[in-house]
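Across the two complexes that follow, chain A remains constant while its partner is chain B and subsequently chain C.
And now, the complex of A and B:
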């Protein structure tokens, strides 16, 4: 950290200079000014709270240590216990706004499945999800697993409209809706589709979802009526609490937010990482530093605001 | 007639889905109804697009407040539709080289791909990222420990906020049986363990209660719709 600060002194100087007026208010004892603080100061503090850790991690490559929790471990184990060639459904139900949280999970899931040589069937219930699938395949499978062949090891079935009604159909008859893949190739001409008639033949559903339709719908319309199906999911931080009631019988593993992504990445890295892991497989871990400082800032702001509130002499008169 | 036919369609479809769930030989009926729904959902995209255009073209025509935004929307909508449907700049797919339009509309490097990757994605991500700034501002202005409930909420929030980062581990790592054997009874007080406990117990219990309540509400509302007692979904006369 010291070496970083000495080397990147200019950013520290800009940081301090940008906050000098605020520091001036603090040291001149104008507490009342803090009570009506312009929110742009808070925006600036959050800007630095996110930017500085991102810059630090990008410059040094250092990430915070991560201890995987029970849910990340359960998710990892569900994939780890599968055998090479087992079919898995990769349901990517998210879009660009949540890519920051979802993409690291999607990357880690696809990398783990590729390392295990599982057969991957990609599909999405969200219109922009098709692009998310393309991006993940381009990021992971094409550069790092060139030996995996499209149509034999993985296939992109793309998007179908109908939300949960799509799940209701594909869980009993996949070919009723999916007659071709995204490239227009008939499913009868795709080698890995031989003998695959419904989602019930999948050994595992891996769902990366940021809303509706998503994990809840897969649990309600696929896993609950057909208890032999198993599912693990990666979801956004705001939606994660809603899925806890389904754990562990209806939902076998859950990654919540960037923290869940980081824990799962750590498990995949421990098993398949090698001595110099590619930074793209550490995106969740890299984002934990800005999350840490951001959370500390919010806690600090709440504490300061409460101190100001309770020391306000005008409080009792309101 | 205008209302009776939709009512009959809704009731029949709903009851077919309910009966099919409990009578396995009728499962194919449920599948068929779901396929019809999927087709209708695809057609709804066209209706949605047409409705969007109608509303915003009217805004522009009336010079209503903020009509400039409507103009931006119409231009963006039509431009994206044109390059996407027209597959502008898309090369033929390798398996169908003789068919000019056989390539995927999202092909790498195509104008639609460029719009998605360099306009749609950054704009959407930016809008979502702004939430962090507003949360920080709201945290400063709104969260006050005014009563017992608020103190409980703030305490829980602090634990979860810390527990979702490395700070949780670092702050209470001293509660370690390796440091003192007596700590083996207190490891549950480590912030990361408290976070797991809050999420797995208090959160799950609360959410289950809410979910069961919602489910019961859905059952009663659905029955009212299927029996034609609640017709609000058909709109006004």
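And now, the complex of A and C:
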């Protein structure tokens, strides 16, 4: 920490200088200034609470230790127990606004599936999802798994409109909707599509979803009517509480928000990371330091706000 | 606006301006410079096309040292403009946190326009071409847009005339007369969606959740009493029953019913608190991703994934 402060003194100086007016306001106005504090100061505090840990972690390479929970372990185990060559559906139902949460999960899922040599069938129910699939393939499979061949080991089937109706169709007849892959190649010319006629042939559905249609629809229209299908999901923090009731019978594993991503990354690194893990596969772990500081700030603000509220002499008169 | 607030705004503005100038100065004075995008030219098998894969600055420097003036790894001007434009849009959207302003509005309008166009193009090429035109006139689509379409998937299927006609009827609302024609396909959409969702919720949620709540209150794992497993199941069952009691209005909420309803309220409050916590986590993660983009991809102030490590070594060794 000392070396970091000496080397990156300028960012600390900017941080302190930006907060000097707030300190001045608080000292001159005291408690009344806190009660009428401009909310933009809170935005600025949150900005620094996130930026400084990111800067520190990126400069030093230190990440917080992560202890995987039961749900991340269940997700990891579902993939780990598959055999090489098993077909898995990678349903990436998210778009650029949520890549901060979803991309670490997508990266870790694809890396895990590639390490296990599973056959990956990518598809999406979101129009920008095809681009998210391409990005993940470019980030993981092309540079780190060049031995995996498109069409033999993985295929991008792309997007189809219709939301849950697409699930309803592909769960019984995949080729009714998917006649080509995203590049326009006929599915009959893709070797790994030989014999694949429906989603029911997949050993596992891996869903990365940030809303509707997403995990809820896969549970409702694929897993519930066909209980032999198994599914694990990585979802946003906003939607994660909605999926807990499905665990464990209808949803076999769940990664909730960046915390779930970090836990799963840790499990994949423990198994496949080696002595010098690639920082590309530690995106979720890197984001846990800003989470810690940001949450401490929120908790502090909630406590201060409650103290101010309950000690406000004008409270009873309102 | 009081004089105090004006002064505060001025101070804040000056401080942030100084910070921005300092940040930019630091970035420009660093040996590697600021955000640029590089690509590697990969000739495709047909010999006519070239694919441009992302490359790093280090790969570019390495290629230049091996063969000055090479064309395999190049600076990509379009991608660099895209990078800077993405940074501008990010900052423009963030600026709304201070106050509404023209930069925010420009970024907002660009987002809406690009989204609408993107959805339209994707829907045309991924749905209308292969799933409507391709099903009714496969030969036409094969010769025009999808040469890979062949085999059983390329056989004509006249059932798809029905959705084509319904789609045309839906567009009829744009005509000055006969707007009622659009109501028929709309009725089909509403009816189909309602039926589909009813089945999904009944099967997946209503029946599925009843089944998920029928749990043993005393759990034995490996022949031994599992305290935490039992406690977990008791909380789930009691929580569900108490929450249902809270929403049960046929009896007055007094006595046992009232106490159960109160426990139900507490369960709901805990659920809302957990949901709020998850939301905070999600929002901080999104903010972190954008800040990392600005500091890493745009300003090259940090390098968390080590993608410029080779460039740093080459620059420090050879200048």
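Keep this in mind: the second predicted complex is superposed on the first by the 313 of 318 C-alpha atoms of A that agree within 3 Å, B and C clash if a C-alpha of one lies under 4 Å from a C-alpha of the other, contacts with A are read in each partner's own complex, and residues count from 1 in each chain.
Note that in this section a contact is a pair of C-beta atoms (placed from the backbone, for glycine too) under 8 Å apart; a residue touches a chain by one contact, two chains touch by 3 or more.
In this text, all values refer to a predicted model and were calculated from it rather than measured experimentally.
In the superposed model, A:305 lies in contact with chain B only, and not with chain C. Legend: residue contacts after superposition of the two complexes on their common chain; A:286 is shown touching chain C, with no touch to chain B. Contacts of A:31 after superposition: neither chain B nor chain C is touched. With both structures placed on the common chain, the touch criterion links A:217 to chain C but leaves chain B unconnected.
Of the two partner chains placed by superposition, chain B and chain C are both touched by A:245. Applying the stated contact rule after C-alpha superposition, one finds that A:65 touches chain B and leaves chain C untouched.
Judged by the touch definition given at the top, the superposed model places A:5 against neither chain B nor chain C.
Within the superposed three-chain model, A:296 lies in touch with chain B and out of touch with chain C [touch as defined at top]. Shared-chain residue A:172: touches chain B; no touch with chain C. 43, 46-47, 50, 97-100, 128, 130, 138, 160-161, 165, 168, 177, 182-185, 225, 237, 240-241, 245, 257, 259, 291, 294-295, 298 are the residues of chain A that lie in the contact sets of both chain B and chain C, per the superposition on chain A.
Those residues of chain C that touch chain A in the shared complex are 5, 8, 11-12, 15-16, 18-19, 22-23, 26, 53-54, 97-98, 118-119, 122-123, 126-127, 130-131, 134, 145-154, 192, 196-197, 200-201, 203-205, 208-209, 211-212, 271, 274-275, 278-292, 295-296, 301-306. Residues 37, 39, 42-43, 45-47, 50, 64-67, 69-70, 95-100, 128, 130-131, 134, 138, 160-163, 165-166, 168-169, 172-173, 176-177, 182-185, 225, 237, 240-242, 244-245, 247, 257, 259, 288, 291-292, 294-299, 301-302, 304-306, 309 of chain A touch chain B in their complex.
On chain B, the positions that touch chain A within their shared complex are 21, 27, 30-31, 34-35, 37-38, 41-42, 44-45, 93, 95-96, 102, 104, 106, 108, 116, 120-121, 124-125, 127-129, 132-133, 135-137, 139-141, 143-145, 154, 157-158, 161-162, 164-167, 169, 192, 196, 199-200, 203-204, 207-208, 211. Partner chain C is touched in their complex by these residues of chain A: 10, 14, 17-18, 20-21, 24-25, 38, 40, 43, 46-47, 50-51, 54-55, 57-59, 97-101, 103, 127-128, 130, 138, 142, 158-161, 164-165, 168, 175, 177, 179-180, 182-189, 216-217, 219-221, 224-225, 236-238, 240-241, 245-246, 249-250, 256-259, 278-280, 286-287, 290-291, 294-295, 298.
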